[in-house]
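Report on the structure given below.
We just call them A, B, C and D in the order they show up, numbering each chain from 1.
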Amino acid sequence: MESDPVSYSTQRGFQIYSAGLRGERPAIPISPDALEQRARDLLPPEVYDFVAGGAGSGETIQANREAFRRWRIVPRVLCRVARRDLRMALFGTTLSAPVLLAPIGTLSIVHPDAEPAVARAAAALGVPIVLSGLSSVSLEEVAQAAPEATRWFQLYWSPNLDLTLSLAARAEKAGYSAIVVTLDAMLMGWRERDLQNGYLPSLRGVGGASHFADPVFRSLLARSPEEDRDAAVRQLAKVFSNPDLCWDDLEALRRQTRLPILLKSILHPEDAVRAVERGMDGVIVSNHGGRQIDGSIASLEALPEIVRAVDGRVPVLFDSGIRRGSDAIKALALGAQAVLLGRPYVWGLAAAGEAGVREVVLNFLADLDTTLGLCGCATCAELNPELLRRDPK
Amino acid sequence: MESDPVSYSTQRGFQIYSAGLRGERPAIPISPDALEQRARDLLPPEVYDFVAGGAGSGETIQANREAFRRWRIVPRVLCRVARRDLRMALFGTTLSAPVLLAPIGTLSIVHPDAEPAVARAAAALGVPIVLSGLSSVSLEEVAQAAPEATRWFQLYWSPNLDLTLSLAARAEKAGYSAIVVTLDAMLMGWRERDLQNGYLPSLRGVGGASHFADPVFRSLLARSPEEDRDAAVRQLAKVFSNPDLCWDDLEALRRQTRLPILLKSILHPEDAVRAVERGMDGVIVSNHGGRQIDGSIASLEALPEIVRAVDGRVPVLFDSGIRRGSDAIKALALGAQAVLLGRPYVWGLAAAGEAGVREVVLNFLADLDTTLGLCGCATCAELNPELLRRDPK
Amino acid sequence: MESDPVSYSTQRGFQIYSAGLRGERPAIPISPDALEQRARDLLPPEVYDFVAGGAGSGETIQANREAFRRWRIVPRVLCRVARRDLRMALFGTTLSAPVLLAPIGTLSIVHPDAEPAVARAAAALGVPIVLSGLSSVSLEEVAQAAPEATRWFQLYWSPNLDLTLSLAARAEKAGYSAIVVTLDAMLMGWRERDLQNGYLPSLRGVGGASHFADPVFRSLLARSPEEDRDAAVRQLAKVFSNPDLCWDDLEALRRQTRLPILLKSILHPEDAVRAVERGMDGVIVSNHGGRQIDGSIASLEALPEIVRAVDGRVPVLFDSGIRRGSDAIKALALGAQAVLLGRPYVWGLAAAGEAGVREVVLNFLADLDTTLGLCGCATCAELNPELLRRDPK
Amino acid sequence: MESDPVSYSTQRGFQIYSAGLRGERPAIPISPDALEQRARDLLPPEVYDFVAGGAGSGETIQANREAFRRWRIVPRVLCRVARRDLRMALFGTTLSAPVLLAPIGTLSIVHPDAEPAVARAAAALGVPIVLSGLSSVSLEEVAQAAPEATRWFQLYWSPNLDLTLSLAARAEKAGYSAIVVTLDAMLMGWRERDLQNGYLPSLRGVGGASHFADPVFRSLLARSPEEDRDAAVRQLAKVFSNPDLCWDDLEALRRQTRLPILLKSILHPEDAVRAVERGMDGVIVSNHGGRQIDGSIASLEALPEIVRAVDGRVPVLFDSGIRRGSDAIKALALGAQAVLLGRPYVWGLAAAGEAGVREVVLNFLADLDTTLGLCGCATCAELNPELLRRDPK
């Protein structure tokens, strides 16, 4: 589905204010902070902590947000912005906006409709979903639930190469149109809140549905996951990810698939350059939403150097910290082709299932569309660093 | 009415302290923050939110305030400042101080006396009011209510050029002495609090009185606004502002009127230069009090470059964030000819109607006058960047 | 009285901890913040506000404190600091430490023993008191109450030159050993808290005792202050200070007195240079404790440039924001010859009268002495900018 | 005991999450802040204040923490980090990690098992304990309690040289393998909370056990400490430390012992260079956890210059402010060979005695190990300044 240019902000705002005239209030809170609070009120504390929390003291989460405040927008006036068009082409597909839903695993802890609900909401709005490699519903079932969605598959690279390649092959077969390899989760981050709660969903058998359905994975088990869940969970912990992965290992996947491969978790420009040199099709600047290293560089602080280093050879996507339209504007102006929206849609899912995700994304797009126009731009392609000023503080 | 030099601070302070001796307290709180709190206590929450709030997270509002804290005043001593004179000439009129009341629409949501009360208070103190193009009382009625006030008219540029020119012509005829064209409200800002409250006054028929009285506007309606308010409101939403406006469009107004035209919402020096080149008579540096873009450059941060770019060819006025005398001192020292005071007078209106506005402005002028003298200056013309030091933080 | 070298810190700490062994607690809180809170609990709110408050939003008060945090001490080790000596000579007098009690007027609002109690405490500890020109007890009575104290007199310069010179002559006659001319109070600061409270002590007849006793002042009255206090208060408001003062006016005082004259309220290096050129004997860097201009440069930020400009020709003293020993260390290391301690002793006075002032000053000296030694210095003369590092934040 | 490479993080996290599956929660809080709060709840207020507090306003404590936030980690990907090894050699001993337990005295105020419990926990984990020169249990008894621990002895240098040398000789004899001379406690810091509480453990006879057992010290007493504790305490206060110590004095110790001598409390690069020139074997960058000078340079801010100045001639250790694994990563990347962990283990001791210390250190090592791997490093030797980026704020 393609977006109708010039629609989000005007229609959305008018719709909400008109409902207000009838005494109706938005189904989910408009403000990202209030939305998170709503989800917090609804979820068991350990589930909220798991989604909201990060490594250590949460300093990286905070840094991700602060980094946006350090760039200020200098809008232009009288630029003819009535006909705005958020659409953008990526790997041959036209997205309705430069926005993807970030890979987040084990969503059934948040809502029983889990990843399929997210995929359907994504489809409805024309934005891709990047399905987590630790989804609570298998990649095939998600595909079936939302066949029309643009779906990418996020891959955790197993020390068992056959398993890795099997997961990728299944994703390709099921119509996923890109593979995202996450590189900063070869070890579990030291997450104080989760440790305090003694709560790790994947150890409780949530997440891993795609693995449990995998023939290679099943061949490693004495009994099927349906018969002995505990053994499957223990096996998953063993083969889930490979901390000994190195650059050469990527070639096996490159050879197998014709799908675009993107490396996620790139924060150093030299790693971005290497990705290009190794034939990767894109990089995603990300610190995993602050979940892995406490005290990591803010994702947005890493972006400009990586954009310079990649120099247009492949798309650079941006992840970690996006909450509002102006955040996306800033990342795009600094050279990202698109941004990944993460926790906010999980809060929407918690608050109201599929409809909640749709509301969150719609509000986000309306905010983005409004801010784009107010910057004096009619398309995201017009965004550039000249629109930003470093905060002199 | 002209100001009596050397009056504000001494007289005002003495008056308040003397009243204190008799056990009397100021009619409205002296501190801008306490005044806002007073208004908050008095107003319905959605009305308070509408006036106080801004785009998104309110980051621009905060940035506007922080920008003032980054400049520090380095006062001089022994400068003979007994006879201070705040008066300044602007477009052939002598104002009692380099202060205007900023255009703020739909004031009847705050107090039934609305814009006429503000205009009368402005007249009493010799400062101009810039009447909003979305006032709750028509521009003619405001003129009638305060004929002696120096009145400027703020114009929202309609996609219907006849309507635009009609509004401007009526303002000129009604004795308004300048036209201020606002350029950052062609789209509604994404205001989370208002969306949450489902509250937009103009959709409820408040504001737009000047449109409803306009012959061109009325010609667009099947029935008059008096007969069918809802239809008029819907029509207003359509023709209210033109996001496709461009620089060439300004010529129509330039040709029609001999009044000074100022462009408001200028944040980029190149736009300021263009304004001069297009024959505009002044620019107003403003980010709409943080109501349009979340994450915009602070208005004060934008001022110095614009002053340099304009280089004295037209007056540069300053808007967004002014709360106290020292704020005005800083903006004037950085090259603004005058400042616009916004939300504080609305809180005064909420607290005590016309008298409240008068109190707010009087206190502001007294504070300005005191601070001017303590800086070692007897007139605002003596203020210059040498009096400021960038905070080294 | 001279200080005994190597005494403050060791003796004072031991004394307090030993008392602790016996279950005794310090007579007044050790921490300046807790002390202020104690005073706040004891004083009428408007009195606390008057002493604690400042111009406008209190931003300058805050800036004064933040400025200290921007300098960090880099101590040296193994420097033989057992025999420390805080004494310093100033205008021919040896002070027990480079510390003076700042001029603060109308102290009877805080404690009935007022300025005489402060002067006696100062005498007991060998630090000078700078008596305010608006003291609640006349300069002669203060001299009589503490004849052995080193006393300086702070002069508010009247538009009536005879009165100004009379006050100075009386101070000289009464054994005051320096004249401090305050230059930033020619106009009352716009103090929001005091205005809100309608509370100005001098309008209530507190402060001005030295004026009421002055023959020139009395000659301006129809009836004596004893007979008609209100008329005297009104007259005082008229002749209290002269906002038209200029550099040439200082000569009259320079000719009359052989006492050292210091100009207080210097924040700009050019004004400091002028003071030297006009034959002044010292300058006091000060922003009046943040009471006059909201948004003024922090006093400490102004110090280094003034020290450079004065270049050792006259002593530079420092005022505004001193709370702890490390504050004094920083000001001294940046080139001040001595520091003025202000509000803390007033809180001590509020809490426990003369004994409270003594405790505050003793604690301050002990803290200063400790910190000096821990810096690796045995005398304040060894302090220099090399001991400080600008905080890189 | 040596550490098993590749163990801490994976094992520790798995262990905690698995216990969580059984409904068990960690014995002590995982987060350092929550742990401190737990200890605060358990300890008498004056004891908590004594351990947690610092000089003056606590500004140095705060600065120590802020300094870490100013460095951001830029991790690398695809680096083969499955086999991590935290071990490092220092003065001929292999430590299981570059971590030592900092010298903290009078631990019996926190828990009756005091220093012996800490030493046993240190032994269990293969990290050295630096025993405080003011321990509540004598150095010989601690040695006896944990003979297998790597033990260093922290020496307070007495004005009585015989006593100083006797303490050092006894430490050497009891198997301590290095001497740490603390240089910033020749005078007691001005600690407002302790003064307010009138609480100094050493004046109450806690701490000083090594002195009370010393033949030189006992020869200074009329009656033995067992007979007259008060007299011994008073004598200890006199001979405890020597503020007149200078560089030449160090030679006596250098001549006596063949143990490595490290100077602790170095913050200035010139002092570090001197230490090398005087034949010292290492320096410890430290501001005593913020307990001595209020407004001191943050320890981490001092580190890089000292590393440059020492230039690899002796090991540079780091102390003050370490709370989490990422803190250690940053100090090590900036050139420290090892870090000292202080208050956190005291909170562990308060919460659960020896087991509490063990838990705290294990969690710290697991966090360190995780973060190391996520940085893309398999050993601490790979850490270097290229992994850090100065926060641009």
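As a working rule, contacts are C-beta pairs under 8 Å (C-beta built on N, C-alpha and C of every residue); 3 or more make two chains touch, one makes a residue touch a chain.
A quick note: this is a predicted structure, and the numbers were derived from the prediction, not measured.
K.L.:
Sort the other chains by how far their Cα centres are from that of chain B and give me the top one.
P.N.:
D
K.L.:
Averaging only over C-alpha atoms, locate the centres of chain A and chain B and give their separation in whole Å.
P.N.:
Centre separation, chain A to chain B: 42 Å.
K.L.:
Using CA atom averages as chain centres, what separation in Å is found between chain A and chain C?
P.N.:
Going by mean C-alpha positions, chain A sits 60 Å from chain C.
K.L.:
Two-or-more-chain contact residues of chain B, please, as numbers and ranges.
P.N.:
Only 393 qualify.
K.L.:
If every chain is a node and every touching pair an edge, decide which shape results: line, ring, star, complete or other.
P.N.:
Topology of touching chains reads as a ring, each chain with two neighbours.
K.L.:
Per the contact definition, I'd like the list of chain D residues that touch chain C in the complex.
P.N.:
Those in contact with chain C are residues 55-57, 59, 63, 66, 70, 183-184, 186-190, 192-200, 203-204, 237, 242-247, 249-250, 263, 265-268, 270-271, 292-298, 301-302, 393.
K.L.:
Per the contact definition, I'd like the list of chain B residues that touch chain C in the complex.
P.N.:
Interface residues on chain B, with respect to chain C: 9-10, 13-14, 16-21, 23-26, 29-34, 68-69, 71-83, 324-327, 329-330, 366-367, 370-371, 373-375, 389, 391-393.
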